[in-house]
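I'd like to ask some things about the structure below.
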Amino acid sequence: MIKVGVVGYGTIGKRIVDASIDTGFKIAIAVRRYTPKLDVAIEKNYPLYSMTGEIGLDVSGDFDDFVRDCDVIVDCTSKNIPVENFPRYKNVKVIVEGGEKHSLTNFSFSSLGNYEEGVNKDKARVVSCNTTSLVRTLTPLKDRIDNVFVTLIRRSVDPWDIKGGPVNAIAPVLKVPSHHGPDLNTILPDINIQTMAVKVPTTLAHLHVVRVKLKEEMKREDLKDMFENTPRIKILSGYKSTADVMEHFRDLGRKRCDMYEVVVFEESINVESGKAYWIHVVHQESIVIPENIDCIKAMFGEKDKWKAIYETDRTLGMEKKKECYK
Amino acid sequence: MIKVGVVGYGTIGKRIVDASIDTGFKIAIAVRRYTPKLDVAIEKNYPLYSMTGEIGLDVSGDFDDFVRDCDVIVDCTSKNIPVENFPRYKNVKVIVEGGEKHSLTNFSFSSLGNYEEGVNKDKARVVSCNTTSLVRTLTPLKDRIDNVFVTLIRRSVDPWDIKGGPVNAIAPVLKVPSHHGPDLNTILPDINIQTMAVKVPTTLAHLHVVRVKLKEEMKREDLKDMFENTPRIKILSGYKSTADVMEHFRDLGRKRCDMYEVVVFEESINVESGKAYWIHVVHQESIVIPENIDCIKAMFGEKDKWKAIYETDRTLGMEKKKECYK
Amino acid sequence: MIKVGVVGYGTIGKRIVDASIDTGFKIAIAVRRYTPKLDVAIEKNYPLYSMTGEIGLDVSGDFDDFVRDCDVIVDCTSKNIPVENFPRYKNVKVIVEGGEKHSLTNFSFSSLGNYEEGVNKDKARVVSCNTTSLVRTLTPLKDRIDNVFVTLIRRSVDPWDIKGGPVNAIAPVLKVPSHHGPDLNTILPDINIQTMAVKVPTTLAHLHVVRVKLKEEMKREDLKDMFENTPRIKILSGYKSTADVMEHFRDLGRKRCDMYEVVVFEESINVESGKAYWIHVVHQESIVIPENIDCIKAMFGEKDKWKAIYETDRTLGMEKKKECYK
Amino acid sequence: MIKVGVVGYGTIGKRIVDASIDTGFKIAIAVRRYTPKLDVAIEKNYPLYSMTGEIGLDVSGDFDDFVRDCDVIVDCTSKNIPVENFPRYKNVKVIVEGGEKHSLTNFSFSSLGNYEEGVNKDKARVVSCNTTSLVRTLTPLKDRIDNVFVTLIRRSVDPWDIKGGPVNAIAPVLKVPSHHGPDLNTILPDINIQTMAVKVPTTLAHLHVVRVKLKEEMKREDLKDMFENTPRIKILSGYKSTADVMEHFRDLGRKRCDMYEVVVFEESINVESGKAYWIHVVHQESIVIPENIDCIKAMFGEKDKWKAIYETDRTLGMEKKKECYK
């Protein structure tokens, strides 16, 4: 039974813990100090390890114990902290998240794009929420793409965060094009993509405005069918914003109201004069969770990409018809 | 088996449906038209009735059928619509929500305050989210109160709503004092209370700043103990805002991240010079759900107040130690 | 001396009144009723006319008097109201704003794009804030454009408005491409443009992410020079968001902090592989004011486009070097 | 001619520069580095001094030169920086702002409350925006007050600030009562006041909900008259929020749309059962500017309180009838 060690119990960490348990992995959690975010983990008696000595909690060991006890570590600490932790990860497989540089692991992973390359790897970076959403929607189209232009409208902070802004402004990324395009190329190197990004005062989700120049004409219905037959893409009709989309997942009873799928507004799908357009919604808190679980499966030798993905989707309550997994 | 007919499948309606099913009631839903909000209800095959003829859905009947088929109707439509529906509610018990006037039913209900009066009633109004929170926190103190002054800082709209504002302003209720004080007196007529209210640009929860002039001095610890031993009040320590409070309930795995309890910030509880102070958080979407379930129980003859409340709390996953229920 | 009759004293109306006075026009104002928005106009003794009989104000006449007394009417009422008012505008020139359809006047005006066509016209529509900004930035480039793709990130409501939302969501325009592209073609019919739009929770300004496919390569510096030498475009360096951009105009002492210019973030200007990119900011409350003043000048026979524009810019305190006006 | 040295050219600093010039003082500005905020000051050739050596600007000297060249220094740097600067202020009068502790200067100033005590002082702290508003509204009532309870609903960040939050939450000050009450007592020591505060996601203005227990009954009309006859209080009728209140000041043509007055919503003024209630709005960016100018006048020997205040009000365009100044 694989033991997954999660470092940092924040937005991503706590979700990987829950998904790992649901998958049948054992788990351990390493933290730097007590904060109220740990209350539920403590109540559930999850095994905790201290990265910083005595922290006033009943722990199973220190950071070296943690590394020794785990089979794979998923480092979910804030941007640039994993690079500091890295030298301590000896004799253990390691996953870092999309905030880190590709060069830290020299391998970036995203299930639909390059699952096969992850098999038996020792180090991997699971790409960011924004890149994950683009891997999912662009992979089925990839042979038809001349070039892609995406405007990313990013939420400012996560719902629990009261420190960051903006409160009443639009803040663009002024490096044009932005870094999001090149990041996609770590997974799908052949796609010609440019991206621009802005940050806006909302907490719920990112939204992408996508324009694809096609190599040759195609039909709107074919594009819609492609999305419908691709795992981890959900088309919703009649929805108007990130707010009612997220509410739908509350109603579905998803834990923490998570939306692992990238959601495409049906009405936004269009093909016109050789260009395809659509708008999709990215739940920054949870979209990468299935890819993290898949990555662990691959790193521990599961060679069957579609079996891995299908089972992860079933575990998380998001599976499509079996024919979609091929 | 009681059959609960819910009119309107919005914020309150959908939650009453779910809680009713969990309680063991049968349910039926009456709606005016299809909207995407119904998607999950349709998927789950809940019995739907049309209030307006043909609505493109597979329905179990019209509004008269609905009234005939149900034992009690909970009308969760928007403010002032229930009064229009009222003449059609013949030979059936009826509950309306706190947006309606007390005079519509001539009886207002809130479990901790006046459960007993609800027993075998035919019509009841379950008071609003704001009033419910005040009934809960003031009831244990009620014999010690000289007067109460509350400032209500209200969320502007629910999370799914993109139509209402304000986006970047504070909008006070200029009728001073506001109507919230008198509304409490429909449940606790002897409390001398004044309230003032403002609306602010957030969707998560209301927050109340409470100041109670006491008849005689008491200790902070006693106030804290009172809250700790009262059902449906939860004290959280180390939390800083409505955002991390709501995140705690996401982590608890509550459906839709609901927070049925009124949450008091531990650090805000204070008693000084004969005045008690605290700050509590009110989840406008879900706080009245347990009171609605209790109200149904009372209306159908359950005389044991604490049994009714305790069982509702267990059903909703929020029960305290049994000693608190007396 | 031209007498300008402004219908509606809201966001646009009050600014046209002020700019008209500064230009040396006489003014009159027609309103439907008293609201506090009129307080300053009343205090300044501006001539008011009632569109609806007795309104509790000291007025100079009714709507027919108003039409008779004015040389040109600028109808600044809400979308779709001008079409109702139109039959009453007899023997008077009329301007409507960009919310109205092109077909109402069969002529759309925007100074840099088609001033000449406005000369001696009797009816005109001054295009919307979004279109105005695109006319300004695309006109100098127009012979080099293969195609244009713009993502419009729109403010949700004006700063004074507390009714509209969203408060915490991103709401896309789901008709893809949006109507903004075709609207530009009423002024610049030869530009191949597609647009997509979203609404976000901020009040300050719209922001456009622009990508232009060029017919042939050009240099970043040349693009920057073009913007620098075009009236009504301002390049700002070191600014990060719509918030510090608008603050700059507060510091400049502009009345109401208005920003008549379209502002381009210098750092966002880029040319790469035959595509030009930039991000610009649009002050929805004031950007069309200079174009409205120019339009009046044209309608009353001023044939010298650059003289008209230059003088408007001087009146509004935004003139560039004289060489830019040609 | 008094030379006012302003340290820090942010929200308060830039306004004190402008008001000082309008008053007839000479000015100088000391800054730590270039930021785009200085663009307008540079354009206007204001004398700049560097606090940190070479900063790429044409400066009139270093920090010691600055101190030597000025008659009074107004230190408008961020909280806790003035205490570090203090040892360098030799042979010069000094004013700090309300973010600093009373103990730094051992004298706190607010014009309506204690102008006289400021005469010929060498060091003073001008109290914060929130305290200033309460000094103004409570001073005329002060002999009638039994006790005061205020809930402060604070804007989260200033309009130009994109870093701070919350974006979608209410964040209370959990120290109950908050520090705002004791701060008022540095000016009006005899008022029994308690305050509680929350931060909300808006940038425009703070809003206070005030409840005063009176020693004896009074009439609503008398309270309204008191406010009407007190300088620097403005009553507005028909307004609904901080948004339309601020818009009124945009329409008045105030530089930067500043609102030096505390604005009371007329409809909120009430007296009932021995308690007075009202709601007022505080423009955090500008309300303390007149008090700073008065403070300079007092420190340089102007003994006539009402003359000083009246003239400041005229300079800033906010004077009331002369009878109010006594």
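Should a chain be cited, it is by its letter among A, B, C and D, assigned in written order, with residues numbered from 1 in that chain.
As a convention for this text, a residue touches a chain if its C-beta (ideal position, glycine included) is under 8 Å from a C-beta of that chain, and two chains touch if they have at least 3 such contacts.
In this text the structure is predicted, and so the values were computed from the model without any measurement.
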item: Label of the chain whose CA centroid is most distant from the centroid of chain B; value: C
item: Result of counting contacting C-beta pairs for C-D and A-C, higher pair; value: A-C
item: Cα-centroid distance, chain C relative to chain D, in whole angstrom; value: 36
item: Inter-chain centre distance, chain A versus chain D - centres from mean C-alpha coordinates, in Å; value: 47
item: Separation of mean Cα positions, chain C and chain A [Å, integer]; value: 42
item: Set of chain B residues in contact with two or more other chains; value: 159, 161-162, 166-169, 171, 201-204, 240-241, 243
item: In the complex, chain A residues that touch chain B; value: 14, 35-37, 39-40, 159-162, 167-168, 204, 236-241, 243-244, 246-248, 250-253, 255-257
item: Chain A-touching residues of chain C, taken from the complex the two chains share; value: 149, 151, 153, 155, 166, 168-172, 174-177, 194, 196, 198, 200-205, 207, 209, 211, 240-243, 265, 267-270, 272, 275, 277-279
item: Sites on chain B touched by chain C in the complex; value: 156-157, 159, 161-169, 171, 201-203
